Amino acid sequence: MALTLFYITSAVAIFATVMMITRLNAVHGLLYLILSLLAVGVLFFLLGAHFAAVLEVIIYAGAIMVLFVFVIMMLNQGQRTIDQEQAWLKPGTWIGPTLLALILFAEMLVIVMSGDRADTGYIVNAKQVGTVLYGPYLLAVELASMLLLAGLVGAYHLAKPILIPRGHKFRLSGQAAQLSFKLRKPGRNV
Amino acid sequence: MSEISIEQGLLLSAALFVLGLIGVLARRNLIMILMAMEVMFNAAGLAFIVAGSRWGQADGQIMFLLILTLAAAEVGVGLGLVLQIFRRFHTLDADSLNGMRG
Amino acid sequence: MNINQFIALAPLTALAGTAIAVMIGIAAWRNFVLSCAIAAVGIVLSLAALGSVWPGTPVQASPLMLIDVYALFYIALLLSAGLAVLGFCYDYFKDRDGENEELPLLLLTALLGASVLAASTHFASFFIGLELLSISLFVLIGYPLNQAQALEAAIKYLILSGVSSAFLLMGIALIYAQSGELYFRGIEGYIASRDDINAMVFSGVLLVMAGLGFKLSLIPFHLWTPDVYQGAPAPISGFIATVSKGAVFVLLLRYFVSTDSYAYTPLLNVFSVMAALSILGGNLLALLQNNVKRLLAYSSIAHMGYLLVAFIAGGSVSSVLIVEPVAFYLLAYFITTIGAFGVVSVLSSPQAEADDLAFYRGLFWRRPWLAAIFTLMLLSLAGIPLTVGFIGKFYIFTGAADGGLWGLLLAVIVGSGLGLYYYLRIIVVMSMDAETVKTGFTQDWLSNVLLTVLTILLVWLGIYPSLLVNIIQSVSYDGMA
Amino acid sequence: MIELLGWVPFFPLLGFLMLALAGRRLPKPPVAWVGVGSVAVSMLLTALIGGQFLSGTRQPYRLVLGNWIEVGDLSVPIGFYLDALSLTMMFVVTGVGLLIHLYAAGFMKDDAGYARFFAYMNLFVSAMLVLVLADNLVLLYLGWEGVGLGSYLLIGFWYEDPNNGYAARKAFVMTRIGDTSLLLGLLLLFIELHTFDIQALMFRAASLWAPGTALPVAVAALLLGGAVGKSAQLPLQSWLPDAMAGPTPVSALIHAATMVTAGVYLIARTHDLFAMAPPVQWIVAVIGALTLLMAGCSALAQTDIKRILAYSTISQIGYMFMALGVGAWSSAIFHLLTHAFFKALLFLAAGAVIFCFHHEHNIFRMGGLHRAMPLAFASFLIGSAALSALPFTSGFYSKHEILSAAYEVSPGLWAAGCLGAVITGLYSFRLVFLVFFGVQPQDVDNRLDWRMSVPLVLLGVLTLFGGMLRIPLDSVFPGLLNPDRNLSLVSVATIAAPFLGLLIAVLLYFKGGFSTLPLAGFGLINRMRMFFFSGWGIDTLYQALAVRPFYFIAKANKNDALDSLYTLVALLGREGHLLARRSQTGHIRWYTSSIALGTVVVIAIGWLS
Amino acid sequence: MILFLLICLLQLGAFIAWFFGCWRPGAPRWVAIVVLTLEALLLIFPYRAVESIGSLPSAWFGYFYVPWIPRFGIEFYLAMDGFSLLLITLTVVLGFIAVSSSWAEIKHRQGFFYFNLLSCLAGTVGVFMAIDLFLFFFFWELMIIPMYFLISIWGHEDRTYAAIKFFIFTQVSSLLMLLAIVALVLIHREATGVYSFGYFELLNTGLSPEAAFWLMLGFFIAFTVKLPALPFHTWLPDAHTQAPTGGSVILAGVMLKTGAYGLLRFVVPLFPDAAHQFAPVAMAMGAIGVLYAAVMAFAQSDLKRLIAYTSVSHMGFILIGVFSWNGAALQGAVITMLAHGVSAAALFMIAGILQKRLHTREIGNMGGLWSVVPGLSAVTLFFALASLGLPGLGNFIGEFLVLQGAFGVNRILTAAAALVLVLSPLYALGMMQKGFYGPCSRHDFLPGFNRREWATLGLLVFISVWLGLSPQAVLNVSAPAMQSAMEVAER
């Protein structure tokens, strides 16, 4: 039973991921990604990690993906981007990465097969997780908070509107120099 | 106990990982690249959950938690950068960001 | 968590606390000087805390961190480097537009991440420390938002670092899946309990190596290095080159020693290939480079290769002995690299980053002291006597010869030959005649003081290294036992 | 008196130092005083020492002035050795040297480099004296090289004409080839016998080595190499005719009387060794015979008065070599002595002719000088007679001794010597007739300085009666040979040979004689003349075999082919750099790929190793 | 203490010169003269020690010892024997010559110039005295850096190329030496359990033949690059040609000798068996180098390049001499070092003087100088003769002794090397011919030597003749050192 469910969810996850990486429209891709994350969440549940499954759905599929939605909406690129993506995603572009990824997958296959055989499915409930999390992993939690602090401050800094320098002369070399001159008009205010 | 063996779980994780990698390598849109990276992180998280499930330990889930934290922070910073880049270069094309080379 | 453990963690707590203090400071009064001052005080406090923690070592503070002499030594090193970078950052950013106050905060979080790496004995702390460092770096690199190159560098670093982190995580997951341990000691027990090399753990370590190889910018994971160094503000480039790499290396060494991964000899083969490639490739890439920051980036690739040679020697000699060359070389590399980037940062102005070689033409006659300092730094990078770089190279030689790594030593020699060429090129350019427009000394007194201190250290340790050698020896023998 | 031996070479050296340091600031008279005077003092000392030596027991006398080099068992003292042989040489060097110096004081009086000239000349005399007096081979080598230097400097004395410089360098390099051989011989001797002292060497060689074995042969051959180079014998003879580029007194002193005979002296000095190496001694004789014929023929075809004399010198030294080769040591030295007189006389007389003829060297542009320059004519006549060994001149005695000795060893050698005598008579009187008879083409400037005429007269006297001045060399050489003075057929032929040459010369050249023009028409004769003229084409041969290939190699490799090895490395580095930097495209996706690729490779390497 | 002072004085003087240069441009050269004079006076003490050498237990008569890096048994250990003393004397003498030849030539940045010059000398003096291998290496590198600056800042048109080439050649080779040193020390530690870089300790290291061979090769390459011997010589013509005169003087006169010194002091005593087996190869390198460089010299048209190749040629003799390893050959090598130091320095000085006056180094562009500047030409002739090995001058004694010593070891190679006696007149006299003889067309008026130049070159002429006629004084100083070196190698 569980195995059947596993196969179905796996198929969904893989399908959704494939769809996600091939979508021209970023929003479509994002939706497929959420689907993929949800499928993985189901898998977590199947594997007995209930707490993680919940987090996957709430935080990953919920909170983080919302960030993407925000940004995509802010940039609001529309049809122009889709055309652009069309132009970028020629079949030729896929060959190299796919081949490379397949080799890597083959290697992973060998690695995974070489491991000890074992079953999964020990249920680790939220209480156990919490006990360990605030026991031995207390420091990790604290550090994670610092990580989020850094991320927060960083995001704050980076999201600031662009500054127009006073009497500023760019002295950049090569391509970047040309690029920056072409694009030096202050960006659209969003 | 379920009948899902560890190989199956890890293989799925590897497959998702590889798919994410393809996305990162093939897409030129910075947002799509970031999304594909999320897939890779998620795949790694899955692998931890599978492993934790094998040993019946909470450590796997805790690692997943940490990955989650990282993903959040990285997405925050990354999207901030993407915004800045779009303001400056008016494009999200990763390939056009090649001002420095050689 | 008992009180002893808590006290032992004081240096880290101080850093974290200072970061929050800076944040509160910004909220209260946006002032760059204030932010820098708080951060500096925090680092100094943390250093002081290190001193007070030192006698009580080692303390295992939860499975995640071991505060021992080894960790303390490197934390001290990393913090000092951070302090120096903070000083250069102050001069670099003080005349620039924009809100620069967050910079010290991010520097602090990065340092915290690096320090955690130095002390971590568990994959969780390892991972979180690494990411804390990385996340801070993304922002630090792209900090000057008005510079296209900085943004480009930041996004490159972010994406590449993310991908490499994913590989790293996958590796950890594989190790965990097989051994059920995330604690280094536990892994050691697992490795010790099996006679053969476990393929999955081994592959997991390989994936972890790939992830760390990226941070250390070892070939073939090096491609980001020059771009990021070039795009990032000069002091931050120095920070990446030293603190980020140093912390990762420290962790790598601890992982290898405490898990006894040296027993996995195929790993050493992989490392040998990477080391040889890094030494030759790094130097080759730098050969005709005309951008000083890129050149230093390539040279740092090569230096990581040298360091790796000493590291590999741990496979054949007692690994305790290997800590010593690594420690000395890292220290030498820290002093020299920060100094070199410091010079670049002093020369840079808000209008122009001083990274084109043409900018250095005739520097000897325009700003003799600065040029002399830069020359010394370059000579130290090249490993010429009278500088600390030479003693470092000597250590590498001794370690590697002890381990019988003749092939790699040959690579080191060839690499040094190549290296000489491009270091000398800069020196030659600096000593060329140029219309001698005597530019007055800038007001960067802090940078000048720092450079002077670094130069004195460089020469002093180059001529009389005994003092440092004694300290490092005590670190090596007590800490890793 | 004999203790003053050390001062003999010292005075010319002092003269050299004075002239070298202060010569340019001195007017000419004091320069001449110093230059000639220093040799005169030496001459005086030599005469006194010689008198004492000859009147005493004639035991060799050794004077050690100090230590030069001492390393372990290698010890080289600065020591002089006086015996009859070195005394003879000293007389030649200082006596003839003095006369030539005196002559030169007149001859060079209008030259700007007056002081330089005398400085070089004094240096030469000093070195030559060291050469003949040295009691060990290293000191001898010092003198040997020193005279080479003097020769080089004096040949190239008129440095403004590049040809003189090239001639000088040619002389130096060609003799240096011989010198190298000599040095190697010297090293070999020391390795085997552990001393450089000549007398000790001879003694040890005789007691340790069996005659005719490899070692003495090798050593003798190496020493012979040195002698051949210095004495301009085959195959290293071709520098001497070119050396005539120097001022005539130089040719007289260095390239006739003294330096070129150093080879003869060397072989005579080490005759014990040569006696132990019969094959080499035979080669010496053969070289002598071949050289005397070859040089005689070449002298026949020359038109330059000094080149004729130069070839004649080569030829006469060939006689000396032949004498050495047949073991007639003292005859060789005797011929050396008489040759010094008559050849110096001939050169000085030729110098007078050239001097008065406005530096004209071509004999076909001269003529009829016997009336205009009687002294020169007389000198030339006497000299030529002695050169051709006409009876009762000094040359007659010495050459006759040599030919008789040669006959006893090998009639073939004797025949060659006789043929040479015919040729000698021919070319010497060809010269006399062409220069002093016939039509005088232009006026001459007949103002011979007294300083030039006195040496001519004195040398003329010596040439005529020098045959009687014979220092007994019995104390040095074994009296192996008792020249057969019976008036045999051989003797008659020997005496008659030069007359035959004289006769031909009279027929061909006296007052026009039979015109040689018809002969010149024949292709063969003409080609032979050209062949002889070029000194048997030796120079051309050397040009083709050695000089041109050397130049070619040197020029071709001017930029050092080995350097391109390193340039290649540098180029490799550069290309490697350019290749490697192409990987730095700046594209994020490529960078990501490299991480993935690297991981794949790392895993593969890890698994495969 | 004197030994330490010898180094210290020069290095301090270097700083003082630099300092004075900031104050008054002309002062540094006077500082240099004063420092060198003091140094020369200091040398009196060791010479007085030499006189009592017979009563000393070993050939070493001066020590200076301070612990340095105890972790590796590294000591600041200086010692002196007759051999080092002679070379240090040569260094000081040529220091004067270098200062004199730079007197008017260097107009810019005099302070820094004399700083480099004196530092270079200090490093060289250190090399000649260091008896701890690490310290030796330290000084070995130290002398290169100032020389690099001398070439790259004050050199001629291609100075950058030449300076970098010089630096890379010497550095890479010296890294091989460092490797060999480290390996030797590790082997020694394996045997005895203690780290030591001391020369005397390491002399008694038991080595397997294979290890000995490789280690010797490391040292050998470093020293032959510096010497230089074929085929590592190609840095030298460039460096010499481009260096300022003072730099050339030091480079040719002193620095090349450090390579010779190293061969004699370290390679053979440390690895006697390996060196013995390697001797035919080394001697062949020397012999080929002697001939090859002579031919190269003949082909050159650049005066300084020509002189540079003659240096290579002469250094080949040293290689032959050292690897013959007997009394005569070693002493010959010592004399060759000194005599070549003097003659090469003089020739470089002359080349510098000519270049300053004619603005060319092309011999073809000189032509007929004798009639214009006879004094200068005569001195040139003198040193040309010295370099072709004329007996009576120093070079001959060296070459003769080397040949004599080597002849007993390997006759064929020695005979081949002796052929250079034929080749050396070709280049030396060829140079005279093209540059000084012949008609003078171009230069109507040229100043000859001035008083300073006369004094300097006069001194060199004197030393050259003195070495040639009375080498015994020098041989006596170096004899005990050579003797003990030979005993060490024969243990």
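Each chain carries a letter (A, B, C, D and E) given by its place in the written order, and its residues are counted from 1.
Throughout what follows, a contact is a pair of C-beta atoms (placed from the backbone, for glycine too) under 8 Å apart; a residue touches a chain by one contact, two chains touch by 3 or more.
As the structure is a computational prediction, the values presented were derived from the model and not from experiment.
Undergrad: Could you name all chains that are in contact with subunit B and with subunit E at the same time?
TA: C, D
Undergrad: Looking at the contacts, which chains touch subunit A and subunit B alike?
TA: C, D
Undergrad: Higher C-beta contact count, A-D or C-D?
TA: The comparison resolves to C-D.
Undergrad: Using the average of all C-alpha atoms in each chain as its centre, how far is it in Å between subunit C and subunit E?
TA: Chain centres of subunit C and subunit E, defined by C-alpha means, are spaced 43 Å apart.
Undergrad: Between subunit B and subunit C, what's the gap in Å when you average each chain's C-alpha atoms?
TA: Each chain's C-alpha centroid was found; their separation is 26 Å.
Undergrad: Compute the distance, rounded to whole Å, between the mean C-alpha positions of subunit D and subunit E.
TA: 38
Undergrad: Rounded to a whole Å, what is the gap between the Cα centroids of subunit B and subunit D?
TA: Distance between chain centres: 95 Å.
Undergrad: Among the residues of subunit B, which are close enough to touch at least two other chains?
TA: 6, 10, 14, 17, 20-21, 24-26, 28, 33-34, 45, 50, 52, 54-55, 57, 59-60, 62, 66, 69-70, 73-74, 77, 81-82, 84, 88-89, 94, 97-102
Undergrad: Tell me, which residues of subunit E touch at least two other chains?
TA: Touching at least two other chains: none.
Undergrad: Can you tell me which residues of subunit C touch two or more of the remaining chains?
TA: Counting only residues that touch two or more other chains, subunit C contributes 124, 128, 131, 135, 138-139, 142, 145, 148-149, 152, 155-156, 159, 163, 174, 177, 199, 203, 226-227, 289, 421.
Undergrad: Give the pairs of chains that touch; include all such pairs.
TA: Every pair of chains meeting the touch criterion: A-B, A-C, A-D, B-C, B-D, C-D, C-E, D-E.
Undergrad: Write out the stretch or stretches of subunit C touching subunit D in their complex.
TA: 155-156, 159-160, 163-164, 167, 199, 202-203, 206-207, 209-210, 213-214, 220-221, 223-224, 226-227, 266-267, 269-270, 273-274, 281, 284-285, 287-289, 418, 421
Undergrad: In their complex, what parts of subunit A are in touch with subunit C?
TA: 107, 111-112, 114-116, 136-140, 142-144, 146-147, 149-151, 153-154, 156-158, 160, 162-166, 168-173, 176, 179-180, 183
Undergrad: Can you list the residues on subunit E that touch subunit D in the complex?
TA: 165, 230-231, 233-234, 237, 295-296, 298-301, 326-328, 331-332, 368, 370-371, 374, 378, 385, 390-392, 396-397, 400-401, 403-404, 407-408, 411, 414-415, 418-419, 421-422, 425-426, 429-430, 432-433, 436-440, 469-472, 475, 479
Undergrad: Under the stated contact criterion, what part of subunit C meets subunit B in this complex?
TA: Going through subunit C, the ones touching subunit B are 123-124, 127-128, 131, 135, 138-139, 142, 145, 148-149, 151-156, 158-159, 162-163, 165-166, 169-170, 172-174, 176-177, 180, 182, 226-227, 230-231, 289, 294.
Undergrad: Flag every residue of subunit A that touches subunit D in the complex, lowest number first.
TA: 96-97, 100-101, 103-104, 107, 110-111, 175
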